[in-house]
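Each of the next two complexes has chain A plus one other chain: chain B in the first, chain C in the second.
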Partner chain A sequence: MELAIGIILGCCALGAGIAMIAGIGPGIGEGNAVAKACEAIGRQPESKGAVTTTMIMGCAIAETTGLYALVIAILLIFVAPQQFVNVLTKAMGK
Partner chain B sequence: MKKIDPVIWKETGFIALVSFILSVLMQSIFLIISHWVVGAWDYTVILGNLLGYLFAVGNFFLMCLTVQKALTKDEKDAANFVRLSQMGRMLLLFLVALAAYFIPVFNIIAVVIPFLFPRIAIMFRPLASMIKQRRNKNE
Partner chain C sequence: MNEEIKKPSFKFKLVDAFYIIMMILPLAFGLVLDALTTPPSSGVNIAGARIYHEINLGGSRFFNIIISEAQVNSILVLITIFFVFLYLTHGLKEKIELKRQHLAEIIVQKVDGLVGENMGSDFSGFPPFIIAIMALSAFSSLVSLLGLYPATSDMNVVTGWAILVFIIITYYKLKCGPLYYLNGFTKPVFILAPINFISEFATPVSMAFRHYGNVMSGGVISVLLSTFLAWLSALVLGWAGDYVASIPIFQVGLPAIFSVYFDIFSGCLQAFIFAMLTMLNISGAFDSEEYYRRKKLKEEKKKLKNINGGI
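Presenting the complex of A and B:
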C-alpha cells in the first residue's frame, strides 16, 4: 500500500515537473516578440499605440500556454494525489 | 512613476468584465453540481473564486505594465525584462495556489480555474470589436 502511494506521489510530482517545461516557452516567445516590437517602434515611432495594443494581446495569448502548464502542475501536485489515493484505498478495501 | 497608458486601463477593464461574467458562470456551475455532490458549493468556492479572479486580472495588468515599460528599452534589455517578468508572475501565481491549498478557506479548484479566464476574454475580443464597429456604422 505504502509503495503504491509512493509511486502515485512520485508520478504526480514527475508529471507536474514535465508540465512545467511548457512554462519556459512563453517567456522566450514573449521576450522575442517584445524585442521585435521595440525594433518596429524604433523604425516607426508613430505606430507606438497600435504596436502596444497588439503586443498586449499577443503577450496575453502567448502566456496562456504557460498558465495551462501551471494549472495542470498545480492540479497534479495538490489535487490529483488525494484523488488517486482515495481510488486506491477504495480498490484495496474491496 | 511613469503614467499608465490608457490602452492598458481599457484592456484590463475589458478583461476584468469578461472574467467577472465567467466567474458568475463558474459559480452557477458549482451550484448546479452541488445538487448531486454534497459540499461542492460553499463559501470556500466564493472566496477561492474571488482570490483567483483578483490575481488573474492582476497578472494581466502586471503583464501590460511590463510590455509598456519594455517598449521603452532597447531590444536585448526588453527581451530579458519580459522573460524575467513572466517568470516572476508565474511564480506569484504558483504562490497564490500554494497559499490557497494551505489556507482552508479557499477551494483550490475555484482559485486555479479563473487563471484561464483572461485567455477566454481575449477570445471574445474580436467579437466585441465587431459589435462596436457595427454599432458605429448604424449611427
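Presenting the complex of A and C:
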C-alpha cells in the first residue's frame, strides 16, 4: 500500500515536471514576436504604440499553450494525488 | 468671466464621505475576515481559496453550494468598484468644477475610443460592459497587494466571466438565424465540423486558463521566492544561534520588486488582455454584412406584404 502511494506521488511529480517542458514553445515564440516587434519599431519609430499593443496581444495568445501545461502541472501536484489515492483505497477496500 | 467657484455644500460633502467610507469598508471587512479565519501555519503554503461555508442541498457532492474566499472577495471588490465609480461621477456638471470629473471623462473617452477602434460602430453599447470587466479583473488582481486572496487566482471566478463572454458570443452568432449559425460549423469544408465544434468551446476555456494561470503562477512564484529567501537567511545566519537564524532577513526588499511585476503589471495586463479578447471575439462573432442583408430582405418582404394587403 505504501509502495503504491509512493509510486502515485512520484509519478504525479514526474508528470508535472514533464508537462512543463511545454514552456519551451511559448518561450521561443514570444522571443520571436518581441524580436520582430523591436525590428518594426526600429524601422518605424512612430508606430511604436500600435506595434506594442499588437505584440502584447500576440504574446498573450502565444502564451496559452504554456499556461495549459502550467494548469495541468498544478492539477497534477495539488489535486491529482488525492484523487488517485482515493481511487486506490476504494479499490483496495473492495 | 471670473465667476466665483461655489464651495461644495455640507450635504455634498456628507455624500462624498459616505462614498469614500463605502469604498474602504468592504476591503477592511475582507481583511478582518481574512485575519480571523487564517489558520496559524508556517512554511510553504500554496493552497486554493479557503472555504468559509458549505451548504448541502442533499445528495452527492455535486449539490453542495460552496461559499469560498474567492467569491466573498470578488463581491467585496464589486462593492468597492461600485462606490469608486459613484464617487467619480458624483457632482457632474457641464462646466467642470471638480477634479475628479476630469478623471471620469478620461476613463470614458479612453474606453469609448478603445471599443470604437476594435469593435466598430455596431457595438456602441458595449463600453460600459468592457470597462466593468476590465475594472473587476484589475481590482480583483490588485487586491493581493493588501494581502487578501486575489479572486482571479481562483479558476471558478474567471471561468464564470469566460462563460458570460461565451454566451454573448453565441448570442451574436445567432443573430443571423440558427441555420446560418449551424452552417458556420461546416466551413471551409464539411469534414472539419467536429474540429470547429471543439474550437468553439476552446475560446472560453483558453480565456479562463490564461487569466487564471497568469495570476496564480505569480502567486506561486512569490511564495516560492520568499520561502527560498527564508531558507537562505537561515543558512547564512546559522552561526549566530537559533533565534537570529529564524529571522528571515533576506526577505526584506527583493519580494517587493517581484511583486511590482507579478501583482501590479501582470494583474493590469491580464485585465487589459481579457477585455481586449472579449472585444475581438464578440466583434468577430457578428457577421454584420449577412445581418444587414437579411434585415433588408425582411423589410422588403414586409413592404411587399403591406402593398399586397392594401390592394
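By our rule, the second predicted complex is superposed on the first by the 94 of 94 C-alpha atoms of A that agree within 3 Å, B and C clash if a C-alpha of one lies under 4 Å from a C-alpha of the other, contacts with A are read in each partner's own complex, and residues count from 1 in each chain.
In this text, a residue touches a chain if its C-beta (ideal position, glycine included) is under 8 Å from a C-beta of that chain, and two chains touch if they have at least 3 such contacts.
Just so it is clear, the model here is predicted, and its values are computed rather than measured.
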Chain B and chain C placed together on chain A: clash or fit? clash
Review point. Looking at the overlay, does A:E30 come into contact with chain B only (first), chain C only (second), both, or neither?
Key: first
(request) For A:L67, decide between first (touching chain B), second (touching chain C), both and neither. (result) both
Touch check for A:A4: first (chain B), second (chain C), both, or neither?
neither
The answer to whether chain B or chain C touches more of chain A is B
*Quick one: classify A:C38 as touching chain B (first), chain C (second), both or neither.*
first
Query raised in the report: Looking at the overlay, does A:V85 come into contact with chain B only (first), chain C only (second), both, or neither?
Result: neither
Practice problem: Quick one: classify A:A22 as touching chain B (first), chain C (second), both or neither. | Solution: neither
Could you say whether A:I56 touches chain B, chain C, both of them, or neither, answering first, second, both or neither? both
Stretch of chain C hitting chain B after superposition, from 21-29, 183-191 or 273-281, is 273-281
Overlap of the chain B and chain C interfaces on chain A comprises residues 56-57, 60, 63-64, 67-68, 70-71, 74, 78
Within their complex, chain B touches chain A through residues 5, 7-8, 11, 15, 60, 63-64, 66-68, 70-71, 73-76, 78-83, 86-87, 90, 93-94, 97, 101, 108-109, 112-113, 115-116, 118-119, 122, 125
Given the complex, residues on chain A that touch chain B span 23, 26-28, 30-32, 34-39, 41, 48-49, 51-53, 55-57, 59-61, 63-64, 66-68, 70-71, 74-75, 78-79
In the complex, the residues of chain C that touch chain A are 46-48, 206, 209-210, 212-214, 216-217, 220, 269, 272-273, 276-277
So, in the complex, the side of chain A touching chain C is made of residues 56-57, 60, 63-64, 67-68, 70-71, 74, 78
